[in-house]
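So the structure is just underneath, and the comments pick up after that.
Order as written gives the chain letters A, B, C, D, E and F; numbering starts at 1 within each chain.
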Amino acid sequence: MDALNAKEQQEFQKLVEQKQMKDFMRLYSDLVSKCFTDCVNDFTSNKLTSKEEGCINKCAEKFLKHSERVGQRFQEQNQLMMQQLRR
Amino acid sequence: MSFLGLGGSPNVSSQAKIQAAEAELDMVTGMFNQLVDICHKKCIGTSYNASDLDKNESLCVDRCVAKYFDTNLKVGDSMQKVGQNGAFGVNR
Amino acid sequence: MDALNAKEQQEFQKLVEQKQMKDFMRLYSDLVSKCFTDCVNDFTSNKLTSKEEGCINKCAEKFLKHSERVGQRFQEQNQLMMQQLRR
Amino acid sequence: MSFLGLGGSPNVSSQAKIQAAEAELDMVTGMFNQLVDICHKKCIGTSYNASDLDKNESLCVDRCVAKYFDTNLKVGDSMQKVGQNGAFGVNR
Amino acid sequence: MDALNAKEQQEFQKLVEQKQMKDFMRLYSDLVSKCFTDCVNDFTSNKLTSKEEGCINKCAEKFLKHSERVGQRFQEQNQLMMQQLRR
Amino acid sequence: MSFLGLGGSPNVSSQAKIQAAEAELDMVTGMFNQLVDICHKKCIGTSYNASDLDKNESLCVDRCVAKYFDTNLKVGDSMQKVGQNGAFGVNR
């Protein structure tokens, strides 16, 4: 890929910011969907039980920590791959 | 989102406003689509003996939507708690 | 979010119409996919059996009614949330 | 789709025509991708003893595609029946 | 749908090329995801076992052949549908 | 991708370069999202007794990411082998 010049960088940066917004919203809604699927299974009432609430909290926190760890390993593997390509 | 847009030409600013409105629309639509999908899985049987929702299914759908909104709020709280010290992996 | 002026409204409206078209197509193809998955399991012939046809019809109608009901509850919950935010 | 475009400047009209062509392309591509996915689930085993489709798998794939097209038509009929009295939830 | 004129054709062609690129990347990542899901289940080491490698190769080849066959049938069915619409 | 862009006006060429950069970003982001999803399924239990990853889960995640990268390379090899004699169905 050709390098981008300063003006192109700037335009690309705007695009990246837009995408980060979308990515964040996607992460958020995936999280809701996953934790709802795993934690909410009682439809005899329209209020969350305290057990469901606890499950949702743990599910969300754990997912974010999981996502962070995957991110760290992902960057390491990416760097490793780049080094191997350069050789 | 667009730093250049702040106080910039009215044209750029319009674009930014429309993009924000679009993002909001996408979020609401996305949430609705997810809700349709997930409450179908939770509440609607796959034997298809009838084309109407029966009473149990209807009640289940109503509660499913209500509980999904509550779950949405709870997840938001958790994300604020954890998310601010930077837990979003690749984009930085 | 800042309010849109008349010209921006008009532009946004065009965008909304485009998205509705895409949304409709997505709903359609999700419906085909879901009803095919749930109703069609016999691959000893290349014609739908009458049992499969009946299942597909009920599946599609039921999905649309389900989708309509979710839409009603969704709007109610949205309004409720807005009211709570305004307080 | 674009009311302003009807009889309007050739420029806007071009855009609308290209958008319609794009929507059609997206629909066909989307349907193909779904078909690949769904017929893989229905017909291809996950033990992977061989890299070729065996005879049963091949026959199953052929019938799967044919039946999917028929299902597509049937669903279209149902949607016309139900859909016209406005059953699409959020977008109104 | 109205026919596109030469200039519109050209613009549309550019769009098609962009989409093909995206489609190809999507196919690629779906393939990785599917074969990883089906073939890799041992996380006691961070290297693929030879059994997993064999499975991944067969999975990928088979998926591509499957995808090709679906493509052939898809085109036939499409032509059939067009003929029926024209009558 | 854009034949007109080659040696063309700097404007078109810029657009093509930005599109290529966007495609690369989308690919990396898409791969990351898939990895989060798939390693969650492979490694994280759904009982949610705690909000931290335990030792087994952490180890599993690390290996899951490494093995996914290797799988990615293996699939690339297979695609080169099969793909060049035209196995991509609808888009031609």
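Heads up, the rule we're going with is that contacts are C-beta pairs under 8 Å (C-beta built on N, C-alpha and C of every residue); 3 or more make two chains touch, one makes a residue touch a chain.
Molecules present, by chain and UniProt name: A, B, C, D, E, F = Mitochondrial import inner membrane translocase subunit.
Source: prediction; values computed, not measured.
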Required minimum of steps from chain A to chain F, each step between chains that touch: 1
Between E-F and B-C, the pair joined by more C-beta contacts: E-F
Rounded Å distance, chain A centre to chain C centre (Cα mean): 25
For chain C paired with chain D, centre-to-centre distance based on mean C-alpha positions, whole Å: 15
Mean-CA-position distance for chain F and chain C (Å): 29
Junction residues of chain E, two or more chains touched: 23, 26, 39, 57, 61, 65, 67, 70-71, 74
For chain B, residues that touch 2 or more chains besides their own: 26, 28-29, 32, 36, 43, 62, 66, 89-91
Residues of chain F that touch chain A when the two form their complex: 14, 17-18, 20-22, 24-26, 28-29, 32-33, 35-37, 39-40, 43-44, 46, 48-53, 57-58, 61-62, 65-66, 69
Touch list for chain E against partner chain F, complex: 14, 17-18, 20-29, 31-33, 35-37, 39-41, 43-48, 52-53, 56-57, 60-61, 64-65, 67-68, 70-72, 74-75
Parts of chain B lying in touch with chain A, wherever the complex brings them together: 1-2, 4, 19, 23, 26-27, 30-31, 34, 38, 41-43, 59-60, 62-64, 66-68, 70-72, 74-79, 81-83, 86-91
Residues of chain A defined as touching chain F within the complex: 1-2, 4-5, 7-8, 11-12, 15-16, 19, 23, 26, 30, 34, 38-39, 54-55, 57-59, 61-63, 65-67, 69-71, 73-74, 77-78, 81
